[in-house]
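Heads up, there are several structures right after this.
In the two complexes below, chain A is the common chain; its partner is chain B in one and chain C in the other.
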Partner chain A sequence: MYIGPAFVILIVVIIYPIINMIYQSFFTSIADKNIFVGLQNYRLALNDELFWIALKNNLKLFLCVPVMTILSLLIAAVLYNKIWGWQVYRSLIFIPYILAIPVVGIVFSYILQYNGVINTLLKGIGLEKMTADWLGNPVLAFPSIAMVIIWKQLGFGVILFLARMMSIEKSLYESAEVDGATWFQKFIWITIPQTKSIIEFYVIITLIEMLSWVFNFIYVMTSGGPGNKTTVLEYLIYKKSFGGGDFNIAMAISVMLLLLAGILVILHQIVLRKED
Partner chain B sequence: MKGVKKELAAQILMILLMIIIIFPLYFMIVNSFKTHDEYVTDMIGLPSKFTIQNYIEAFRGKPFGQWIYNSFLLTILGTFFTAVIAMLAGYAFAKMEFKGKKVLFQCVIPLMSVPPVAMIIPQFRMIKVLGLVNTRSSVILIYVGIMLPMTIYLMRNFMKAVPDTLLDASRIDGCGSFKTLYKIMIPLSLPAFITSSLVNIVWVWNELLISLVFLQKENLRTLMVGITLFKGRFTLNIPVIMAGLVIATAPIILVYIFAQKHLVEGMLAGAVKE
Partner chain C sequence: MGRIKKYFSMLLVLLAMFSLIGCATGSDKGKTKDGKYSLTVWYWGEQEVPGYKAYMEEMVKRYEKEHQDVKVEAVLQESDNLYTAFRTAEAAGEGPDIQYLWGGTQALEDVWKGNVAPISDYLTDEDLSIIDKASLMETNWDGKQWGIPAYGFTYGIAYDKDAMRTAGVDPEKPFETWDEFMDCCQKIKASGISPLGMGLKDGYLPAWIGIFLGQQNLDSVNDIIDLMNGKTSFTDKKNSEWLYKIQELLDAGYINDDILSLDFYQGQQLIESGKAAMTLHTQAYAVSLEKSKGADKIGFAKAPVYGNGKLANSIASPSQVYVIPKSAKHKEAAADFLLFLQEEDNIKCLYEMANVIMPNVNFKEEWLTSEIDKQVMQWKKEDINFCYQLYFAPMFESEGLIPTVQKMFSEDLSPEDAAMELDSSLQKGIEQNPEVHEAFMKWDVTE
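Right, the complex of A and B next:
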């Protein structure tokens, strides 16, 4: 069988761990014994203030999605007009997306630290008052991380939307120009409707990313701090397992994270079907 | 006149954006050539005295070369096995008829979205039972598993586009399904093989979490884990850290320079339905 090897590996690496995780989330281990405790792990997780901080942070990251979508669309629309050097811009804008998060995280932690570049620049232009410890301040740390995530991920949306825009019928724009439409009108009435299906994909994929793929940013830049203010569900799972040894509670949180991701996956499937 | 103004506005906007996009990279590169003293006094300017001392320093006293070797090994083996296994599965999903084909393929797609951190404890326990803790094969196995869903999806979509008449012709010539795969599908899907492998190369090279958890022996660590622990543990000399980051980034930038079209195509293909 041709699909045999693939499915053996998928079962071992993904499917069995998921089933095992769901099963174990109803147990607790005391002195090497596995004891069924029903929903107790879930109760403990839900009563933990950290869980709610982490969940709220993931939801806050969802706010990056409209920002990234709109910015990417606008940038793509500007590049679409084949302005001078657009191919160079297109190549450069994609670079952050392929860089490693540890590299990006470390570079930004030096740029954002108190003695870093941002504050030096602010002092240089006389805005001494605006200097801050961008990653060490409890209020600013999370927005700073969100900015870094947007910086890194933005190029993907731009290239994705630009590729779709290139396939829009030129005649649509030409007839709008005959009618005297402005750049903005063309953007709202032609570009957006024509790219609608891809925008839907992008929004859902990016929501999934903000829920399931931000661990590295947090781990490298703040380790969840200061004072747990930047923890997210993924980081909480990691910390509960490898910091506290609360494996079963970590699994209960994992199940809840998986359920949230599952909702987005179902949405994704609905959008896929609609396309057919 | 109006067109010129518009072009000018677009150019200003793009140049500002490019400064924001490029600055962190510029920061990393210029400071990797400065002395620590110069970095402290001037973080933004070009180095006054160009030095490669930081690059030499990066290799001294820590297994930096070993980390690079480990990352290369995992990247090459992980990507290769994924491509071969996904090609077999993609071929079956695209060109063969069997029971439950549709359902099975529908099951593969959502697996792309499972957060790796959620699976890590069960995986860790399993690896322990198999006696594979702190081995490269355990990490390669997990990498292959995580990359497979996306790679199968790409291969299947690509192979679906190969005309059936070609396969029929080979069948008439008396080729079995494996020979058809070998003689027709593999040559024809070479672009898909390359495209998906490029995406996977970038992913494995940049991966942190799994190698962090499963390879805890110093001599098995990957470059990404190494540089993450670099900070603080090995050195407080920031230009040396920057030199380490430049070395860790160079292979990815090289891939991008030489294979931009295929890499971007592969990364978009996962998001766009064929």
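Right, the complex of A and C next:
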């Protein structure tokens, strides 16, 4: 009875829309008619080159996860040693995480423009050869977005790992020091094993984010361009449904994205249970 | 047990309250607190027609004065949300009473998807007789009228007359043919600024380039309908020569170097900041610049002619339209408001406040105050009116034209390969939307 209201909300807000989306992905709508087409929407989506470009881009974003994890761990470990001004650094690193994505996207769009801040600075210090159209170049556009995502999300990992490190038994470090362990050895043999469960949690959560949470960055910074080079699955769903009005194909792609995210969620649950 | 009963009854009470609230909203939908009917208008236009927002607010004021029982809620939409918000609302059956859409297939696509009610069910032939026939044809399909013009406007090349003078080009007649245009660009480039200012990031530009150059080898509307239906191909140079013209501009370095970093409107603003000499614009925007900077500062030219089709010399003077969504609660009232916008005083107000001409037989040429408008009116009398973009097949722009032209700039995609990509995007559109394509095939455009 206690969970009744929450359960009702869960059904209305999450379960019903998901079931409806799966159901509608087997139909095509034209005017007032809803025609059953079986797996046709899935076939059309899978035959669309854009689907594979988008999926590949999502998978490429997975490469951000090890980068973010390692950087977050290192920064957290440095802050854990309570270097001078560590609380200020901690706040500074966390600030990007609390900024709204559209704000970050727009600001970086200006910074990364061909005649934007970065290129102006590079020209100013005589590095004109290093200037590039960071968001307009098909090779650089996606890595540029990935860098912005890493910059924005890094703070979450740092705070998470730092919180866990704070609760590690001090005696472990003290005995290692007695044995003459270096900072790096303590990091490898004490910090990482002790934060393992949090690292696993962070990795899986971040993988899910890279799959189904990067729409805003793409929408604001590149609109999927140039030439579809930065399209991801979420953006493709948006483009198909609200841009092209192909709601049913978009629903088929959504179901496939849901399945991929579902696999990661199951993996997450397995890891959590293993830890328990 | 007693506690369970208590919570269960609380839940029932809550559910009953929600139902009552639901009923109340349902029965009073569209009525304001003071008992007036609420007419919702989702519109756009300020971005290409400065002053349109102020005009719409004036129209709302005038209409409410005449109709004390109506409260008009006019909501200005962002470019990115114009279609998405409408389609989402329509999918939920919660659309506005009046929706603004871009003309031609950009409006008819939503007709074919079942999002729009025929306006001719609510307006008589006599009501519609005051509107320019060519303008009505843009949204006439299957024997019914689906859209009514919000305003008409003309595409052209806005240019900085001072930049022309500095470059040694006659600012009153800078170019007519493609060769003259290239010569003009070369002189401007030599004078130290970018000849053309454009932004390609958000994807609106490719269709604009098509409007200026795409139709020049075509002889009739049916040529482009055949192309969009896959009966002819972009690999035929007749249909793709304009892609080679883009390549020429690119190779010569006549376009701003940050085109891929800028959104469409940012690219247009380069002319205002003095970083470019020319940009693709609407006559309405050029007139607003003319008014703020002076007639000796801003000029407006037709697209340079390179083609040899009957439409080579045409001008693009289409209409943006208002439609009545299928889910609109007050369709008759919506039609009445749309007809009100066509009244003589109101079309005059539209011109005075937003510099655009309503394609309405009651529009008086003597109202024109701007030199650019007078020039445009002259073009309209002399040339065929044809807008390439109005006949794009569904999905062609988003899935084909935008990425293809972006690739020409970002990946050096050749015009030949671009033509093939455009063909395959059309095929993909047909495969993914056979029903919409069928509706498109049924579109009979009277020439």
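Please note the rule applied: the second predicted complex is superposed on the first by the 272 of 276 C-alpha atoms of A that agree within 3 Å, B and C clash if a C-alpha of one lies under 4 Å from a C-alpha of the other, contacts with A are read in each partner's own complex, and residues count from 1 in each chain.
Criterion: contacts are C-beta pairs under 8 Å (C-beta built on N, C-alpha and C of every residue); 3 or more make two chains touch, one makes a residue touch a chain.
Bear in mind that the values here come from a model prediction, so they are computed numbers and not experimental data.
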Is A:Ile83 contacted by the first partner chain B, the second partner chain C, both or neither? first
Just chain B (first), just chain C (second), both, or neither: which does A:Ile249 touch? second
Chain A residues touched - chain C or chain B, whichever exceeds: B
Tell me the contact category for A:Val178 with respect to chain B and chain C: first, second, both or neither. neither
In the overlaid three-chain picture, which partner chain does A:Leu259 touch, first (chain B) or second (chain C), both, or neither? neither
Mind working out whether A:Gly116 is in touch with chain B, chain C, both or neither, as first, second, both or neither? both
Go through the superposed model and pick first if A:Ile159 touches only chain B, second if only chain C, both, or neither. first
Touch test for A:Ile125: chain B only (first), chain C only (second), both, or neither? neither
A:Ile18 contacts which: chain B (first), chain C (second), both, neither? first
By the touch definition above, which chain A residues appear in both interfaces, chain B in one complex and chain C in the other? 1-2, 5, 109, 116, 238, 241-242, 247
With touch defined as at the start, can you tell me which chain A residues reach chain C in the complex? 1-2, 4-5, 28-33, 44, 47-48, 50, 109, 112-116, 133, 135-138, 222-223, 225-229, 238-239, 241-247, 249
Touch list for chain C against partner chain A, complex: 3-4, 7-8, 11, 14, 83-84, 87-88, 91, 109-110, 112-114, 200-203, 257-262, 394-395, 398-399, 402-404, 406-407, 409-411, 413, 428, 431-433, 435-436
Note which residues of chain A are touching chain B in the complex, please. 1-3, 5-7, 9-10, 12-18, 20-21, 24, 75, 78-79, 81, 83-85, 89, 91-104, 106-111, 116-117, 120-121, 151, 155-156, 159-160, 163-164, 183, 198, 201-202, 205, 208, 211-213, 215-216, 219-220, 234, 237-238, 241-242, 247, 250-251, 254, 257-258, 261-262, 264-265, 268-269, 272, 275
If you look only at chain B, which of its residues touch chain A in the complex? 6-7, 10-11, 13-14, 17-18, 20-22, 24-25, 27-28, 43-44, 85-86, 88-89, 91-93, 96, 104, 108-111, 113-123, 125-126, 141-142, 144-146, 148-149, 152, 181, 202, 205-206, 208-209, 213, 224, 227-228, 231, 238, 241-242, 245, 248-249, 252-253, 255-256, 260, 263-264, 267-268, 271-273
